[in-house]
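The two complexes that follow have chain A in common; it is paired with chain B in the first and with chain C in the second.
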Partner chain A sequence: MKPRELVVILYLTLAIVFIFLPVAILVQYSFQDGLVPVPPFRGFSLRWYEKMLANRKLMEALGNSVVVGGVSSFAAVTLGFLAAYGLARGRPRHAGRLQFGLMAPLTVPYIIIGLGLLSTFGALGIDRSLLTVGIGHVVINLPLCFAIVYSQLGEHQANIERAAHDLGASDLQALLLVTAPMLWPTLLAAFFISFTLSWDEFVIAFLLSRFDVTLPVVMWNMLNSGLNPQLNAVGTLVFATSIGLVVLVAMLLMSRGGRRG
Partner chain B sequence: MRAGGVGGLTRWALWPALLWTGLLFAAPLMVTLAISFTEHGGGAFTLDNYSGFVTRSDGAFLGALLNSIEVTVIVTVLSVPLAYPLAYVLAYQTPPRWQRVLLVMLILPFWTSYVIRSYSWLVVLSKNGVINQVLLAAGLLDAPIEFGNGRGATVLGFVHFFVMLLTLTIYANLVQIKESYRKAAADLGASSLQTFLYVTLPLSLPGVAVGAFTTFVLAIGDYITPQILGGGRELLLPQAIMLQIERRADFPMAAALSMILMLVVSAAYLLFARHLKMERV
Partner chain C sequence: MAEQIVRLVGVSKHYAEMVAVEPLDLDIVAGEFVVLLGPSGSGKTTILSMIGGFAAPTAGRVLIAGEDVTDLPPAKRPTATVFQDYALFPHMSVRSNVAFGLAMRKVPKVERHRRADEMLQLVGLEGFGGRGVHQLSGGQRQRVALARAIAVEPKVLLLDEPLGALDLALRRQMQEELVRIQKRLGTTFVHVTHDQEEAMSIADRIVVMNRGRIEDAGPPSRVYLRPASLFTACFMGESNILTGEVVEATSGVALVKTQVGTLNVPVPAAIGDRVTLSIRPEQLLVDHVGAGALALGSGTITETSFQGTHLRAHVAIGAHGGDLLLRAPAAAALAPGSTVKLAVQPADIAVLNR
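Showing the complex of A and B:
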């Protein structure tokens, strides 16, 4: 082996170790047979998984996170898709400025978006709830969904849409029966990216929620009351679930690709 | 004839997103701006929050801003050179089939929760943690050192995340550079170092700029990483904002601090703007 290849492999290995280190430790200490998830490792136990499953607050938060993530991502993808379609096909004047405006939230820190919504909702007398958290998450994910879909809307689809129109489809029919199915992998990707970001978002969820909270907020509260291996168990569960989802999506997309030949 | 025809739907399709962004993003920003000019508790117009930024709490706010800028610049400057070779190796020196596997491996650890990931670093860096064990075993340390709870730990937590993000953006840019450019350079007698310096590197700068700007915005606005890993040794701007909201319910001061944070981000945007092409993000 040439020394240069050796350096390359060494660098890759070190990078992978660095990237996996905290997660490996996290998973290891979810099996800790002791009261705190810190070294030394006292042996293998599943008790923290039992405790986690019996923890109502945690399980409720898990459910809340799924609902908030699912609903807000669906809304963000729908709004983003419509906007991308309108911008690409309508060719409005000032298209560049409109695009810039739609993507502006990407350059503003979440804490500022959260504070702004908190003040605005407060002034309007709207109570904090999972709904307000979801609204905040649509604000941060809409620009991303829009950008993803917009980048994939090309002339290729426009021609097929025109063909659909010539065959008598209405705008809405063409949009729902022709454009959306053609973009299906892109829409799915946008949904999953949006869901991941919502799922893991802390500061907006923290500022805009009150009694019902999402998973990151409940974990934050638990963390502030002391180290607890239940947190590691949740982290491991989330990690395992996301890997499962990724494999599922990959298989879904691959089977589609296979059928197309 | 179809009512409306082509264009009816396309014309209104933009509106829901524009309205959403206007009402729930732009308007709240304006509300925050307005609140930053009001008295705490009273509501009368004042510039106190901005002058208080310099004078109040023995200059702790100004210190928080400087700390934030320092930490963010350090994080960006460390992450880019760590990520670039990784992206380069992935894009050009890894067989295509392995590229995907390695990319997924790279992202995988970030699908655990972000709160928990930060606190895992705390465990790794603790006196009994892996790092101390390795250093002690190698004879590089005589007694264990606490590496967590401080600026170093905050920077490490940030670098961990942003090396991944930057590797992705730079990789995405590198794979778009046509191989024929590099071949042409080689045919014209350029060494591999020259090809890199005069062809590949300049062409990949947009990717680096997008990644570096994203890193800057996300890092300077982040609350969790410094709050968990910083150990309360120093205050960063997002922590100062949260303190005003949570402990003191001083929304005007929190709003003023937010506007100052916005100003810094805008300055960074102008700095990077030459290389950023929004439509290609």
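Showing the complex of A and C:
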């Protein structure tokens, strides 16, 4: 092996270790056969997973996270898709500025969005709930969904829609029978990316929720009473779900690339 | 006079600063295979878009089957388009693609699938109905696009450079099939291309376009052999363009002084007129013996190239640096440096009006 290659491999290994070591340790100590997730590692046990599954508060939060993630992602994808479609096909005046306006929220820190929504809901007299958390997640995910879908609405797709109109389809028929199904992998990918971001989003969920909370908020609350291997188990669950969804997205996008060829 | 299925009346199209189509009239007869031929930017595709309803004319009216459709969207017009990039629905099977237009017309599923299979058979894709679009080759996609468009039984089928992406052999084959299908269905076809050979091999009538204007329109043989304009003469294939001045004029015959000598041309003209003449390279006769031909004098071959079907040669002729392009049989014994006597039948000289 040439020294050059050795350096590259060493660097890569260090980088990967740097990124994944904390997660690996988190996962390892979720199997801790002891009361605290700190060395020494006392061997393999699933008791903290059993505890986690028996923890009603946690399981409720898990359900809340799934609902908030699912519903808010569905809303974000739908709204983002319609915005992208309108901008790409309607060619409104100032399309460039509209695009900027739709994507600018990507640069706003979550805490600012959260505080802003908190004041707004307060002013409107709307109580904090899972609904407000969901609305917050639509706010952060809509720009992303818009950007993903907009990038896929090219001239070739426009021609395919023209063909549908030419064959007698109304605007709604073309949208539902051609545009949306044609973009199916993209829409699904956008949905899962949104879901992943909603799934482990903490700041907005913390600021905008009250009695019913999502998983990251429960984890935060549990942390207040100190380190506990059960937290590691929950963390492992959150991480595994995210990774699973990311892999799914990658596969969706790759299958799309394959079909184009 | 047969029924005029498409009428463009004073139609023009402007884009911001650019004029795509100058005001023009065009009538297309029912059952005709019309080819709009021209270089890119000549306005041919814009005309097709205006017939199909994808572009609104800046001025003028579009009539199809006697009805003013200028303000109707594509879905409401009795036209169907075969797109350049095929524009098939990627998420549907071949059969669903072909049946799409029928589904929009609320034809029951069994019936529309039967008709889709019929159309697939017509374009030579029998048994392909269940496949996905992405499993097809370029030529097969082309056929599906054609089947999808004719399935709705349009009065006018619009084809936007549909063969551009295919290789030469496949293109030839598709040209023949397009003609076969067109004759069988009797549908009016309006086909856009920049390939003059394709135009000649499929068209009943060629409409030559240039810079948003119609340069010439007529049957392929007429447009090729007796082009109306300089542009048409050059665009339809290689040609010898001679310009000259009429020095003598008698009833119907003019004596024209050109760079290759003085020619007797059967055209009514007045002394002093400038005329432009076109002679196709294959119409030049080499060492011709026989009456009736107009002698062009002797020339020296300066360059030859073997083209397979023929031999292409440049001949220097006359005292004023005249150069003629000649197409001789492939077996002709012509070599640079040899001297040839050239002649042309007077009827083969085309007089270009523009």
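By our rule, the second predicted complex is superposed on the first by the 239 of 261 C-alpha atoms of A that agree within 3 Å, B and C clash if a C-alpha of one lies under 4 Å from a C-alpha of the other, contacts with A are read in each partner's own complex, and residues count from 1 in each chain.
Here is the rule we use: a residue touches a chain if its C-beta (ideal position, glycine included) is under 8 Å from a C-beta of that chain, and two chains touch if they have at least 3 such contacts.
Since we're looking at a predicted model, the values are computed, not measured.
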First (chain B), second (chain C), both or neither touched by A:M52: neither
Contacts of A:S170 with chain B and chain C, given as first, second, both or neither: both
Which of chain B and chain C A:V213 touches, first, second, both or neither: neither
Partner chain in contact with A:I113 - chain B first, chain C second, else both or neither: first
Touching partner for A:I160 - first (chain B), second (chain C), both, neither: second
First (chain B), second (chain C), both or neither touched by A:L223: first
Superposed model, chain A: greater residue contact from chain B or chain C: B
First (chain B), second (chain C), both or neither touched by A:L79: first
Touching both chain B and chain C, residues of chain A: 165, 170
Chain A residues within the chain C interface of the complex: 156, 159-160, 162-170, 173, 177-178, 181-182, 184, 259-260
Contact footprint of chain A on chain B as seen in their complex: 2, 4-18, 20-21, 24-29, 31-32, 35, 82, 85-86, 89, 93, 102, 104-106, 108-109, 111-117, 119-121, 123-124, 126, 128-130, 133, 160, 163-164, 217-218, 220-224, 228, 238, 241-242, 245, 251, 254-255, 258, 261-262, 265, 269, 278-279, 281
Residue ranges of chain C touching chain A (in the complex, touch as defined): 52-54, 73-75, 79-81, 83, 85, 87-91, 100-101, 104-105, 134, 148-149, 152
Sites on chain A touched by chain B in the complex: 8, 11-12, 15-16, 18-23, 25-26, 29, 37-40, 79-80, 82-83, 85-87, 89-90, 92, 96, 98-113, 115-120, 123, 135, 138-139, 142-143, 146-147, 165, 170-172, 175, 196, 200, 202-203, 207, 215-216, 219-220, 223, 227, 231-232, 234-236, 238-239, 242-243, 246
